[in-house]
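Just so it is clear, A, B, C and D label the chains in written order, and each chain counts residues from 1 on its own.
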Amino acid sequence: MKITRRDVLVWGAGATAGLVFTPVPWKLLSDISIWTQNWRWIPQPTHRPVDVKGSFCTLCPNGCGIRVRMAAGWPVGVAGVRSHPISRGALCPLGFAAHQLIWHPQRLRTVRHRRSTSSWDEAHVAFAKACTEGPVVIVDGYPGHAASSLFEAFAEKQRGSYRVVSGPEAQALTPYETWSGVPATALGYDLENVRTIVSFGAPLLDGWGTPGQFTRLWAERAAGAADPDLRLIQIEPSLSRTAARAWQRSAIHPGGETALAAGIARVLLEEQLVQARGPMPPLTLAQSAEQSGLSTDAIRDLARLIVGRPPVVAIASDDNPSIAALNVLLGAVGTRGGIVQKSKHAKSHLPAESELDSVRAVLIDSSVPWDFVPQTDAEVFRFAAWDGGSSKADWLLPAPGFLEELTDIPTAPTSAIETYAIASSLVKAPPGVQSAAQFLGRVDPDLTPVDKIIHTRCEALFRARAGTLCAQETTPVAMIPSVEKLEEQLQSGAVWMGEPQHPGGLRCKLSEWPQATRSECPPCNSLGTWRAPVLPPLASKLYQESSLREGPERRNP
Amino acid sequence: MNATRNTFVFGLGVAIALLAGWVIFPRALYVRQNQLLAFHHKTHAEKSGFTECGQCHALRDDGTFGGIPSSDTCTSCHSERMGASHDEAVLVDNYVKTGQEVPWLVYARQPANVWFSHAIHVQRAGLACAECHSTYGQSDEVRIYEQNRLSGYSRDIWGHSISRIRLGRHDGMKMDDCEDCHRRHHVQAGCLGCHQ
Amino acid sequence: MASTVLTDRRWIERGAERASLPQFLLWLAPWVVVLAVGIYAGGLCLYYGLNQTNMDNRFAFGLWIFFDLSIIALGAGAFFTGFLVYLLKRTDLRPILNTAVVVGFICYSGAVTILMIDVGQPLRAWFTFWYPNTHSMLTEITFCITCYLLVLSIEYLPILLRNRQLRKLPSFLVFEHQLHKLMPVLAGVGAFLSFFHQGSLGGLYGVLRGRPFAFRQGFFLWPSTFFLFILSAIASGPSFLILVTAAAEKVTGKRLVPREVFQRLAFISGALLGIYVIAKAIDTLIWLNITSPSLGFAPWQFYIYRPFGTSLLFVEIVLFGLIPAFLLTYRRTAALRGWLLTAAGLACAGVVLNRFRLTIQTLALPTLAFDPFLQYTPSWQEVASFAGVIAYGVIVYSLSYRYLPLFVQLKGDRSHVSVD
Amino acid sequence: MSTRYGMVIDLDRCTGCGACMVACAAENNVPPLPQATSRTGLTPMLVRRVSNGMEGQARREVFIPILCMHCEHETPCVSVCPQQAVELDKGTGIVMQMPQRCLGCRYCMTACPYHARYFNWWDPAWPQGMEKSLNPGVAVRMRGVVEKCNLCHARLHSAKEKAAAAGKREIDPADYVPACVEACPTAAIQFGNLADKDDPVSREAHSPDAFRFLERIGTEPKVYYKSGEAWVRALKGSVSEVEVKRG
């Protein structure tokens, strides 16, 4: 018998009716919605156990203490370390997402010669050749760390020279070097004891120096109080986030800092508000008022306010000598709460910019800020972990990134106390990556490698038996049984802290008021002393998904 | 005549639907996989003399659950091949020696949004492992791992009765099953208690 | 031969005058295009997610919520007419009943479609039935609308089955006849459900304590907007029916329903609108003087942002409220087609404006003292899916008009069916 | 006695550095989406910059971290959710969002007066390999659902687990500190148990300088703010109230 259309319809009706009494529709309904909860293209975190490692942030010279949460061999979180004597548990916003930098899309993974892919061997040949042909310059961003001494040794042997690019905080200390002979790297701010700070545009609350140090001090001794124990006076043309939170703030004309410093100095001397009797600035009060944009009375009041609660120190955002001179008048140099000498054996270094002509090659370490471009026609070897784009360098050499390299952390530029720490490499660096130190080590095998240098430094610390080791609890170095124990503790996140030096012994001879110089470095941006050419993707939220910070534009593609 | 024919055709439809829904569908919905290695709980228990599940499936110091022992645990006995079986060779050569983890298929794996703490349920509440995992620990079988094609869940989550009617006592690890047990023990957790 | 191929006469009601098939297809064509674009746009939203729209975290509800609230309000004519005909025995309204059902069906199915496109996880929508939160207005809405859409479909079915060809199947005819007996019950159920979800749509924003522009004190568990929405819906529903039918008459160039029906609807619409506007005015006063001040919000702050000035309030209450209410109830004006349609139009505009202010203005206004006043312009995908649903409505209505006996009075009242 | 977790945020101490925002995003596996903007991004913790509306020397600015306020009374988002994806946790007072239950209707977002809820407009995505840096214990949310601050409940979980393993019933408060609190360099964000009278946080919450935003709406937020500056405290009210105070 033939099947009619009706049969099909009826059969379909029956099947549908029957299906309702099977699990099919109901189970599918459930499973499809569960499917939307577990889309395969959405990554999920690992099941592997998490353990916490102590280390230090190497993304700027300040080396804040960090706790790194590790799972399946990769970092999954970064946090501050309370017991760190300088950073005191704080990190800059960028630090909290720094562990993502390992995976940054702009990560440099291959050697590049003039933008085309090349190899380490070719780079070696080129550099070795350069070394034989003429003087080479090695540029370092973190003077004083183990690699630095390797760089210096190499430069010495090759009749080349070792140069340093220092951040704005360090540069602000250079005038004192010229007047006292003590190297700027040996100086620091005794912030713990200061009670009045006159900041000439220094972003004190916005990533200045070791981010945690001053903000924590300010929070404990200044924030919110009508007459705080620590007076922060911000002198700045614009309403920066530091100015917004400062105790007092004077809006001056852009570039008026020099004139205002002179004006204040004149008032201090005329009204004999300080012991110093000179030198008297050439500018009259009227002139400085006119140039700074404040009234003469305002300047007088400011001067009186400043000396109202000693000890006082003026902090400049660059190497402006007038502000340094003001500190000398205020007696803030070599005194408690002022600018102090923290170490006896620090060296002074040539700035990277000085005479680079008649140089055969320039090797730039990955610690040097990306925007440093040497004014030279020499062959440039640029080490970097990330490609910041538009580089003039002939060679781009992939360096180990965050957490990937064993390095030590010398004293932070602004700190008043010597510290020493070791950031061990927690993550295996990707293949085809080499640090400048390793590179030079291959060129000249006789150089002492970084790990050896670190070991000798630990031995020196151990033999000196001075200072204390800050971990969960602090122990004097004298109590530590062996150098191995000391090194092991340092490797796992402990910090060595030296004894505070006696402030005396730092004398500045200042016969006449310094000439105003064109300031060399621009004031710090809101990134503080951040050195990597890229931001952690999550940190770009600050710029992209909130109105919290204006610029720089997101640096990621 | 016409009417009877209709009823027959209709009934046929119903019958086929029921067959497809109850017999074919459950088979089609799940992918069946064998474990890479034939691991026998019973044998290992006897050889090692272990009596507690926790002796292999231990809690870590921070209270998190160790789960399936890592391959270096095997090293203590399987550092060299113990017998000629193919699986043995695979285990020793590919995992024990290389130190890689065996890609076990985890029957009781919950999805990412679930947070389940063995410490709380076993340590504090004192539940027996068999409450949820049945007696697989004493068995000598190597179960087949069934994975739902749509949700990617192990069959154990939904339970082996496709209709979830008359589930075995230790069968099923859906939220409903968790809730039942919580209700029986008068424990209130709230969403936050068990979800990430 | 060709002519017979190109004709659908045998599907069209005997004696009913209909345009030729090509003409009809020509009329449909543009709407089909719009519908196609709409489907594409909706597909984009479902496939790529709601980043296709211009909604954002602050403007989390956009065009769609306004659209849904509006068409559901306008669709209220369906249940209300059914309510009048079957429960209040106003048989004189029967001629409009089928249109009412079709319009209602279109509006509700359209609303549900849009809703499914504009939630982030439509595949989980059934959770609302499995794990319902009984305190949520949205749960109430979901339940009622789903059930009522079902009711509407069943109400639509007999009209469908009365198609000339389908009628020929005896079993269908029996089925249709049974259904017909069911109608009063369905009308009752429909009325009940509709009263609730029309209300809960009002409650949707009325309960938002965090949005003082929308928040209203309530009676029992429902905020005042709950009742205002019911009122405004049943007030504008009939007006919308008038407009739709008038439009149909314009397009077909036929007189489809006797004038009295229009008069009747107009009067009902007008009277209810009058009551609504007064209630609305009182509610606004209470809200401005008691509710929002008690939450720390001064009335004037809702009106300082252009274009949401007090003028809108005036427009809503007087221009789109009192005036149409008068025009619709006053016999003289209601008798004049021009006036009638204008008034009906104003009445519908009124309810739409009300829905717009409640949904869009509420989100645009700041709550925290340092919030900005927000702007939002829908993306083309949103507009397209919006237009698509309208096209869908026109198409369904056209088809129903062409092939189904929408206006039964053409052959005298056929409350019981006779096989011919 | 049930716990009531809450915060007191000292606005005088906030320098607007944004560390809390980044730490929060990293802890909770928030995807870094290049296409996200200030209106479509995911910022469970968001620091907003607010001025007193003056210019020149008289201008003052304050940074206000905005997160879920975990309203205790008539919690606006809880009552509106049609399918119980939002819940006020009985034991802790945490307002909890369940992305896997959420159908993405966004009704809760319109209900929240603090705009502390965020919608996943895009599929979450990370640059190649970066998924290895995801934080274990926090499930990644999928596109089309709402999320918000859950007070880092993953940390609460591990604290509970640790306690259970040690045979304790109560967690050690030191083990449960949300990421933003831990990250704040000036300790401006204080976290604790408001139900405990001796907890420093509940004492702070009753200090004269403490306030909550939109208090008069009556939802009893559990996130308090505090400031010595009158104009900042005035911000707690609506636009109208602030205008009135500014005169």
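Everything below uses one rule, namely that a contact is a pair of C-beta atoms (placed from the backbone, for glycine too) under 8 Å apart; a residue touches a chain by one contact, two chains touch by 3 or more.
Please read these numbers as outputs of a predicted model, since none were measured by experiment.
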Far-end chain from chain A, centres as C-alpha averages: C
Comparison of A-B and A-D (more C-beta pairs in contact): A-D
Gap in Å, rounded to a whole number, between the CA centres of chain D and chain A: 29
Gap in Å, rounded to a whole number, between the CA centres of chain B and chain A: 50
Chain centre separation in whole Å, for chain D relative to chain B (CA means): 38
Whole-Å separation of chain centres (CA-atom averages), chain C against chain D: 40
Sites on chain C at which at least two other chains make contact: 121, 124, 127
Multi-chain contact residues (two or more partners), chain A: 32, 35-37, 44-45, 47, 50
Sequence positions of chain B contacting 2 or more other chains: 62, 64, 111-113
Chain contact graph, described as a line, ring, star, complete graph or other shape: other
All touching chain pairs, where touch follows the definition stated at the start: A-B, A-C, A-D, B-D, C-D
In the complex, chain D residues that touch chain C: 35, 37, 39-41, 48, 50, 64, 74, 76, 79-84, 101-107, 109-115, 117-123, 143-146, 213-219, 234-244
Residues of chain B defined as touching chain D within the complex: 59, 61-64, 111-113, 115, 117, 119-120, 123-124, 188, 190-193, 195-196
Complex contacts: residues of chain C adjacent to chain A: 121, 123-124, 126-127
Sites on chain D touched by chain A in the complex: 10, 12-13, 15-19, 21-23, 25-27, 29-30, 32, 34, 36-38, 41-43, 46-49, 56-57, 59-63, 100, 123-124, 126-140, 142, 144, 182-183, 185-188, 227-228
Residue ranges of chain B touching chain A (in the complex, touch as defined): 5-6, 9-18, 20-22, 25-26, 29, 60, 62, 64, 66-67, 111-113, 148, 150-153, 162-163
